[in-house]
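Both of the next two complexes hold chain A, though its partner changes from chain B to chain C.
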Partner chain A sequence: MEKKPSHVRTVIAYIVLIILTFLCLFFFYILIINASRHHSEIQKGFSFLPGTAFVRNLKNVLKDANIPVVSGIKNSLIVSSLSAAIATYFSALTAYGLYAYNFKLKKPAFIFIMLILVMPTQVSALGFINLITKMKMLNTLYPLFLPSIAAPAVFYFMYSYMQSSLPIELVEAARIDGCGEFRTFNRIVLPIMKPAMAVQAIFAFVSSWNNFFIPALVISDNSKKTLPILIASLRSADFLKFDMGKVYMLITIAIVPIIIVYIALSKYIVAGVALGGVKE
Partner chain B sequence: MDKGKKIKDVSYAKYGYFFIAPFFIAFLIFQLIPLGQTIYYSFFEYYRSGLKIIGPNPVGFANYQALVESGFLKYAGNTIIMWLIGFVPQIIVSLILAAWFTDVRLRIKGKQFFKVVIYMPNLIMASAFAMLFFALFSDNGPVNSTLISLGILHQPFRFLSTVWGTRGLVGLMNFLMWFGNTTILLMAAVMGINPALFEAAELDGCSPRQTFFKITLPMIRPILVYVLITSMIGGLQMFDVPQILTNAQGSPNRSTMTLIMFLNNHLYSKNYGMAGAVSVILFIVCAILCLLVYFTLNADDGMSHGKKKKKARRA
Partner chain C sequence: MAGISFKNVVKTYDNGVTVIPDLNLEIEDKEFVVLVGPSGCGKSTTLRMIAGLESISEGELYIGDRLINAVPPKNRNIAMVFQSYALYPHMSVYKNMAFALELAKMPKDEIDRKVKEAAEILGLIPYLDRKPKALSGGQRQRVALGRAMVRNPEVFLLDEPLSNLDAKLRTEMRSQISKLHKQLGTTFVYVTHDQTEAMTMGDRICVMKDGIIQQFDTPQNLYDYPCNLFVAGFIGSPQMNFIDATVVEAAEGGYALCFGETKVMIDREELALYVGKTVICGIRPEDFHAEEQFFHGSNVLKAEIDLDEMMGSESYLYLNYAGQKLVTRVPARYAKRTGETIELAVDLVKVHVFDKETELTICQ
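Now for the complex of A and B:
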């Protein structure tokens, strides 16, 4: 008698979960199906089975002179990789500075970073664009990754990780052995921080890969454009004249690499979300 | 001996400054100085008219006054409405899922699979996701053609020409992108509750509903507050999805124009005075929300801060 209500609840739970799973996956399923179909097939309506034009669509997108996809992928990769590397290294460095040393401004510095933890960069976009114009960095990739040196959310994650996994005795032991402070950080602290850095590198890479607002204001030169800007330019072009196979293919190129990496590393990423609690 | 140690301590302090210097220098250059300049420009008439640049002329609060007249309040309203359409179902679904996933009596199998699936949309490029929705929900797109061929509709429903169709799509996308993230956060919070509480509740014959409202919900309140505030900040930044979905028009009839889209338009047309005024208002709202986040995190982290102090003293 006791078990019955629990049984009904389990069934309801599974039904809801299956509906949500369907919602999450269905759109990407259509995306991949349509990326493999010919323009005329797509116009005719929806199909559950993939078409045969996948390679053809891919070739068409890659050689389209109006949307420089190859350089777009390259630019996106450069910016995202550098952002990820810079954000994780400098956040670990900052976190270590505040964790391992005692100095007068330690507490104010920590409070300051915590106060700006979730401050959006959009509020200072106007001054930012002005400044990089003066610094002759407009239309270059530098302004897209250099600000990652100051990533408060990544810092907070690193700091929390140090509290739980970096015994200060280890640092003291290194000092006694005559290891310099920078060397201690690079040779002893960084290897211990590897799990935290890997998780944060993934998040930093993805958010930079997906970033649209600032890059769209900084970049106007076709050869410097990143993938989100290319997608936006596709939207503002006369949509009806477009080969829909190409449109779906470009979206696939922007999304699928991230999904593949995510599925491969999902265990660590999901655990990282639960730990971090802080996302931009 | 003691003296020698003290000198050593002092010499270590400078490394602290070395290590945190890059962060603060980068923050100063890329955020703080730009923020100062943004605030400064908000008090100037400074825009481009054709090829001519007007200003900068100091105008006091005229830009702020002009904001209200140019629809700022309407765009703020749009942003809040679209945020709510996404957030309300998001928090309800996430709470239910978090309760189910952590309920030992339910024994849901494949938890890891479901977590992986529901978090996935969060990593998708928002602009590509919006482009995908635009293609799928266009008048002759797959969604309409499917609904017609199933006999549910007789003619295409023009999602992107109706106010609530477009707002609904934006809300749906925000919901899909964020409910997995919220679920995982809330689950972590529920799992942090002392299991003895749930056991005691079960022994006392609490129904799942009672357990949820009397134990789970009050215990995870700090995280709920955190989720609410960060989601509000995220909502204020809403840009990519409506920008791409409506091609920067906020169509139909500017009913999906968000505050950041409005800011973007001014930045694009190089009206720095107005862009500054929008930014300053956004900054003030965000600063209040940042303060709230600071206090919730500190209240929540009481224990780890104690730990930190102990360790710092030892160092």
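Now for the complex of A and C:
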């Protein structure tokens, strides 16, 4: 018979979970409360009750000519969606290449990709800026999503998933059935990889959405700025015009798409955590 | 329709291991050939070379008159059934079977006709809309067969297709595959490590060991006239008894094989070279007889039964005689129980003699 968990243990577990949930949700709460308060109210200190300036803050943010919020959202959406799509597709393709084919430099190629994984973005930033300047891509959106083609972490996840879930016989069966190599990947391998692709798409989307470092280096035009840069520029605005209500409002706007993505795809996120474990 | 011929085919892997040193094999058109042997004997590699899933290091491989060394799998006009079935998990049974035809750009109504025809033969009509994971092992196996059937391939390749099924289903599918072969009239190449499957299904069986063909013959010939110790031991269940025996010249002429108290008279010239030497005497379990008419004096052995296995119509008796373990198969009415002593006569006509060093057959 299964042992019943003791009462005390359950209570402790719930208390810990409640504290953790509170820690997670408290900041969202403060953010939304502050987004509805005046700058002066916010300066006075912390409050649990919402203010009355929600619509005013929203209008201020949308009206501000220096902060093109709508185009910011649009740019962020374009960059994040393309990053997610490119990162997952090409990482799966690379992983498939290393998983399904035997060639001489297979091992060195794998190690090389793993080495890139441990390289921080900041190390290569200067070279990257030099490169895109030469390629005349400075101040465009391309450098924000094109590098996602090479995403070693996504690649590694895909590779592990293939090892556990993609029997090589399926690929061989497809070849015998008359599939070319690309068609085998697109028609047979990709559908099997769907859960892994979904999880990685979410993570890639979110990390691209939050990315500040590279866009800050690359983009200078207001109309091409993504949301994190807009938030930063609002915070560092002129002392006289500085409005905390506006800052909180903009942050609130910035997290809405992420919340939607998480709620819509939470099933896959949970699955994704489980995917890391052993299958079968 | 086409035969297959291997001409001096060599397979060496990138790590330098040669699994097939020199293969010459002619499989005739419409023949059912079974490749059989222990794990790692190169039988699957041979099959995969026909499929084009393994490259050929040296030599030539023909399907019909066509040299196919460099032809990709999809252009070989073959179909393959895998041990794991390899059904596409995201497609329904119908889609699985139709996939190859869709790729070949066959008109939709013809695909539908072919898939339904195959599904009808295999009893899959009620399952056409199901995904593979909602099917039992036997049903999945039939889908895999159906997927191969619809393509009308020149050659059908089957890689241990029954090993994931339970014993009852395996017997059922065995006869279904044999029927299918007759129905389709195509060349079948079937890989297994199970000699029962090989014996019951194959027109001819190719016994392999360490990448070398030991013998390629009809099931009956393999059983009656094995060319060496390996084939003799591999084919037949329970396996042939191997007894160390000394060759002596018999007083009444000819030669005799002596082990324990038993003397088996064999009048074969081939034994002249072995007088005074030890050879291996091979006797099939059913060639020990408890019936009186087989008793000719010295060909009898008397031993205590270590273990008896009653099978209903017959009984397997495990004996210990002259320091050697023997297994015999006798009709149930002659069987005795464990611990009892039994007298059995060796059938003089059915004795196989093998050279102890080369392990080749001396006479049989």
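The rule is simple: the second predicted complex is superposed on the first by the 229 of 280 C-alpha atoms of A that agree within 3 Å, B and C clash if a C-alpha of one lies under 4 Å from a C-alpha of the other, contacts with A are read in each partner's own complex, and residues count from 1 in each chain.
Just so it is clear, contacts are C-beta pairs under 8 Å (C-beta built on N, C-alpha and C of every residue); 3 or more make two chains touch, one makes a residue touch a chain.
Not measured: the values here are computed from a predicted model.
Chemist: After lining up the shared chain so the two structures overlap, which partner does A:Pro50 touch, if you call chain B first and chain C second: first, second, both or neither?
Modeler: The answer is neither, since A:Pro50 touches no partner chain.
Chemist: Who does A:Ile231 touch here: chain B (first), chain C (second), both, or neither?
Modeler: Only chain B is touched by A:Ile231; chain C is not.
Chemist: After superposition on the shared chain, which partner residues are touched by A:Pro257: those of chain B (first), chain C (second), both, or neither?
Modeler: In the superposed model, A:Pro257 contacts neither chain B nor chain C.
Chemist: Considering only touches as defined above, state whether A:Pro191 meets chain B (first), chain C (second), both or neither.
Modeler: Only chain C; A:Pro191 stays clear of chain B.
Chemist: Does chain B (first) or chain C (second) touch A:Asn102, or do both, or does neither?
Modeler: So A:Asn102 meets both chain B and chain C here.
Chemist: Between chain B (first) and chain C (second), which, if any, makes contact with A:Ile176: first, second, both or neither?
Modeler: Second partner only.
Chemist: More residues of chain A in touch with chain C or with chain B?
Modeler: Between chain B and chain C, B touches the greater number of residues in chain A.
Chemist: Just to be sure I follow: which residues of chain A are touched by chain B in one complex and then by chain C in the other one?
Modeler: After superposing on chain A, chain A residues 102, 104, 172 contact both chain B and chain C.
Chemist: Okay, in this complex, where on chain A does chain B touch?
Modeler: Residues 6, 9-10, 13-14, 16-17, 20-21, 23-25, 27, 30-31, 34, 42-43, 45-46, 90-91, 93-94, 96-106, 109, 111, 113-131, 143, 146-147, 149-150, 155, 160, 163, 168, 171-172, 181, 185, 206, 209-210, 212-213, 216-217, 227-228, 231-232, 234-236, 239, 244, 247-248, 251, 254-255, 258-259, 262-263, 266-267, 269-270, 273-275, 277-279.
Chemist: Please name which positions on chain B make contact with chain A in the complex.
Modeler: Answer in residue numbers: 9, 12-20, 22-27, 29-38, 41, 93, 96-97, 100, 105-108, 112, 114-121, 123-129, 131-136, 138, 140, 142, 145-146, 149, 176, 179-181, 184-185, 187-188, 208, 223, 226, 229-230, 233, 236-237, 239-240, 243-244, 247-248, 260, 263-264, 267-268, 272, 275-276, 279-280, 282-283, 286-287, 289-291, 293-294, 297-298, 304, 307-308, 311-312, 314-315.
Chemist: Taking the touch rule as given, give the residues of chain A at its contact with chain C in the complex, in rising order.
Modeler: 102, 104, 167, 169-170, 172-180, 183, 188, 191-192, 194
Chemist: Hey, which residues of chain C end up touching chain A in the complex?
Modeler: For this pair, the touching residues of chain C are 14, 51-53, 72-74, 78-80, 82-84, 86, 88-90, 99-100, 103-104, 147, 151.
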